[in-house]
Amino acid sequence: MTPDLECVDLIRRFGETTAVDNVSFEVPAGSFFSILGPSGCGKTTIMRMIAGFLDPTSGDIRIKGKSMAGVAPNKRPVNMVFQHLALFPMMNIADNIGYGLRRKGMARAEIARKVDEALERIGLPGIGKRKVDELSGGQKQRVAIARCMVMEPDVLLLDEPLGALDLKLREHMKIELKALQAAFDTTFVYITHDQSEALVMSDQIAVMNKGVFEQVGTARELYYRPESAFVAGFVGDSNRWRGRIERIEGGEMEMRTESGLSMRGALHGRQLSAGDTADIFVRPEAIRVARSETELASFDNRISGTVSSLLFNGAASRVLVQGGDGGEQIEVTLPQSGEYATLSKGDPVHIGWSGEQGNCFPAGAA
Amino acid sequence: MKAEAKLGFVLLLTPLLLWLVLLIFIPHIDMFLVSLRERVGVGKYETSLANYLTFFREPLYLWTFLRTAVMSTVATAITLLIAFPVSYYIAKIAKGRMQSALFLLCLIPFYVSELVRTFGWMILLRETGLVSNLLQWSGLVDQPVEMLYNDAAIMVGLVYTSMLFMVVPLVTTLESLDDSVIEAGYDLGGNAFSVMREIVIPHAAPGIVSGCIVVFMLSLGNYLTPTMLGGKDSLWFTQLIYSQFIVRFNWELGAAFGFMLLFLSSVIVWGMLRLTGQTLEKTMG
Amino acid sequence: MTPRTIKVSITALSVALIGFAQQAGADTLRLLTWGGYAPENVVEMFEKETGHTVEVTKSNNEEMIAKLRATGGGGFDLIQPSQDRIAGPQLEFGIYKPIDISKIDKSLFIPSMLDATMANTTVDGEVYGVPHVWGTSGLVVDTKKAADVKDYTDLCNADVAGKVSYRLKRPTLIGFAYAMGLDPFAAYGDEAAYTEIMNKVEAKLIECKPNVKTYWGGGDELMGLLRSGEVVASMAWDTGGWKLNADNPDITFVAPASGALGWIDTFALPAKGQADDAAYAWINFVMKPEVAALITEAAGNFTASKGADEFASAELKAQYQASFPPEAVDNIKWYPPVPAGLEAIEGGVLDRVQAAQ
C-alpha cells in the first residue's frame, strides 16, 4: 500500500544555512505522525514544504504516491491547522468551516449540510452563527480542525496547535485530538516541541535536531531505546553522567564517572569499547528508592546516601540523593504510593537500578 | 484622594477643552451667526436664511458642489486602487529594511510643501514641460502637448497629494492581518483573487474606509491643487468660499457655503458608511 | 470648581490673552503692503534713522481688507490698499482711521496725485488715504508672435487662440468693458446700468474662454507662462511687461487702445493701529525723492514722490516712455472708488465665467 505521505531526500537551504538536511520518511495511511524537536530544528520548514508554502531545494514530496513538485498550496490534498489557528476573524463559524467547500464550488445546501455535520462531529452543534472571538480556546481549536476536515484531505498538518492553550486544556485536547484523528480516520502530521504531546498522541514520532531526523519510532522505542544521545536527552528526563568505560563483557559494561561513581550498564548493541569516554543516561523513574538495602537486591547498581533535596511536584515529585562516597547528585522519582510521604531532607535512603535501564553513548555525540 | 484625582482629570482635560472651545466651537458658532445675516444696506444686516437660499437657487453653486464631490469621489477611488497594491506590498511582501525604505519613500514627498509639490507637477505637465518634450523627442507627437489645465491634471494632483493618507491606514490594518490567515486561505483552496476578496479586503475594510474618508475630505477641501493644475476650468467649491470671503468681502455667503460644505460632506461620508455597512466606531477603533 | 478658582482662571486667561495682544510694542511698525514696496535697504535706513523697527507683511488688496475686516482694523499699523479700496470698505466695515494731514509733509508729494487721492478717499469729510506707488495695467504682448493684439478684446482673436491669458478679477471686467466701447466707471453709481454692462462683458468673456490657456493667479505664474512662450499676450501690470522686456526685447507692455487702467496704492491707517507716529514717520521717510527712487527700483513702478524721477534709472524711464506715448498717458483710466456692494455684481459674473464650459 502506498503511504499517504512520503518525503524523499528532502533538502531545504536558506542561503548558507541548511534548515532541512536530507530527510526521508513515510507516513502510512491513517496514522498519527509527529515531528518532535526543539525550536529552530527545521520541523516547521518541513511542514511548510508539505503544505506548499515553501519549495524544497531538492528532493521530493509525494502524497498518495503523487509528486507535489510544482503543485500550488491550494491544489494540494493537504490542509493545515496553524499554530495560532488562523481562523478567519471576518467570518462567522459556519463560513469559516464552509470556506474551503465554497472554493470547491459546492452547492450552498450541500455546504450547509456538511458544516452542520462537521460541527456535530466536533461536539459543537449550533454554533455556526457565532463569531470567532466568541469561542473559547478549545472550541476554536476544534473549529480549526473541522475547517480542515470538511475538505477531506489526504493528510492533515498540525503546526503546534496546542501551544497557545493553558496546561489543563492542553492535557484535555491531547486526548481529544487523538480521538478526532481516530474518528476522521485521516493521516495526521503533527509538529511540536512538547514531547508529552508527541508521546501521548503519536503512532510514530520523528525526533528532529539541526535539520536531520535523529530517530523515527514509536513513543516506547524513543523512550526506552533512544538511538542517540540527543534523543535520550530530549525525550523524557535523565540523569546524565560522563565517564570512562572500564570493562566490557558481552552485552554488559562497567563505567566510572568523572566524579568517581562506578556503575554498570547494558550496551544495547552500541559500538563502545573499554577506555572510551562515554555519556550514560539513566531516567529518574527507572531508579528505585528504598529504606533498606535488601529491597534492592535485584538491581546491579546500588547506592546508599542521604536526601539532599526534595522536589515535590505531585505525581512527578523527585528527590535528589547524595551518594555516600561523594560524586554527583542523583535525581530519583519518588513513588506516591504513600510509604515515602514522611521522607525529609537528610534522611538516609538507598537507591538502585538495573543496568539494563541505562543508555550509554560515545561522548561528544550531543 | 478622590478630589485629587478629579483635579488631575480636570487639568488633563483643560488643554483639550480650551482647544476645542476656543479654536473650534466658538469660531464655528460665530461663523454660523455670520451665515445667517443678510446684508440689506451699507453696514446694515438682518437675520435671515437668504444666504442658504442663494446656495440652492443659484445652479452654479450647486453644480460646483456636485462637481467637486464627484471629482473627489473619483480621486478617492483612484487613490484606493493605486494605494492598495502598494500598501499590500509594503505590509505583507516587503520585509525588514526594504519595508521601512518603501514606507519612507511614500513619505518623502510630504517633506516639501504642497505648493512645491504642485509646482513640480506643473513643471512636468506644462506645454513646454518635461513630459511634452519627452513625447516630442520620442516622436510620438509632432508638436507640444498641453497636459495642464484640465480635469485629468486636477485628478493627478489630488491622487498624488492624497496617497500617503490612504497608504498609512491601509498598511496599518494590513500589517495586523496574520500571515497565517492568508496562508490558511490558500491552504483551503483559495486562489489569489478569492483570498483577496474574502479575507484581505474584509480585514482591511476599516483601513479602507478611514483612508477613503480622509482622502475624500482632503480632496473636497483642497484649494491649491485644483486652482493651480485646473487653470481656467478648475471649478472647486473651496474656490467659491475663498472668493466670497477674500475677493467679494461677502462673508455672509462665504460662511453659508462653508456650512453647506461641512453639512453635505458629512452627509456623503455618512451615506458611504451606510452603503458599505461600516460604522465610524469600527473604523476608528 | 469654586467661584474663587473660576475667577482666578478667568483672570489668568485674560492676562494671557492681553499678553498676546500687546506682544507688539508701540515703536514697532507693522506694515501690511505689497511685495517690493518696503525693500530691505529702505527698512534698514528707516530703522537706523528713527529707531523704530518695521515688520513687513506682503499681501494684495483683497487680502489686506479681509485681514483688517477679520480683526476690526487691528493687527497692523499701516497698510497700503489701492485708492479705490478705501471709501467703500470704510463705509461698510469701518476698518480705517482718518489721517491727520498736518503730520504729513505735503511738499514731498506730486500735488495733483495727492489731491486726487485725498478726494477719492474722503468719507464724511475725513481723509483716509494718501498716495504712494502708482502704475497701470494693460497688455503684455510678444510683439513678434502677436503683433495684432492692441486692445483687451484682441485677446479673443483666432490667431492667438490657446496662447492668451488674463486674470479672472475685476480689472479684466473693467478693461473688457472699455475695450467694448462701454464706460463702467461712469455707471459705478447706477447698479442697474452697471449690471447691464457686466452682463455684456460676461457674454464676451464666456465667448472668449476657449481662446484662453489659463487664468493666471499670481505674477510669477504669468511670468513663467510668457517667458516659456506658452502665452504670447496677456492682461498684466506694466512692471511685469518691463521686467520681461529686459530679458526678451520682443515682449513688452502695451497700453491698450481703449486706455490703460491706472491704479494708485495708498497709505492708510488701520482703525486699531497702535503706532501712528511710526506710521507717519514711515510715510514721510519713504516719500523723500531719494528713498522713493529706491522703492521704484525694487517695485518697478513710479511713486507719487515729487522729484524722484531724477533718481530713477534710465532704463526704466526709457521703457516707460516706449509704452506710454503722451496720448496714452492722457488716456489712462484711473479707478474711482468702488462703491460698497459692487463686488457682488462682479462676483456673480466672475463665477459664471469660471464655470462656463
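Structural remarks
Letters A, B and C mark the chains in the order given here, with residues in each chain numbered from 1 onward.
Simple rule for what comes next: contacts are C-beta pairs under 8 Å (C-beta built on N, C-alpha and C of every residue); 3 or more make two chains touch, one makes a residue touch a chain.
The structure presented is a predicted model; accordingly, all values stated were derived computationally and were not measured.
If you draw each protein chain as a dot and join the dots that touch, you get a simple line with two loose ends.
The chain occupying the central position, as judged from C-alpha centroids, is B. Seen from the C-alpha centroid of subunit A, the farthest chain centroid is that of C.
In terms of their C-alpha centroids, the spacing between subunit A and subunit B amounts to 56 Å.
Put simply, the C-alpha centre of subunit B and that of subunit C have 34 angstrom between them.
Subunit C has its Cα centroid 88 Å from the Cα centroid of subunit A. Contacts with at least two other chains are made by no residue of subunit C. Listed in rising order, the residues of subunit A touching subunit B in the complex are 51-53, 72-74, 78-80, 82-84, 86-91, 99-100, 103-104, 147-148, 151. Contact residues on subunit B toward subunit C in their complex (touch as defined above): 10, 39, 42-43, 60-61, 63-64, 126-128, 146, 148-149, 227-228, 231-235, 239-240, 243-251.
Partner subunit A is touched in their complex by these residues of subunit B: 178, 180-181, 183-191, 194, 198-199, 202-203, 205. By the touch rule above, subunit C contacts subunit B in their complex via residues 1, 62-63, 65-66, 69, 89, 91-94, 162, 168-169, 209, 212-215, 217, 228-230, 340-341, 343-344, 346-347, 350-352, 354-355, 357.
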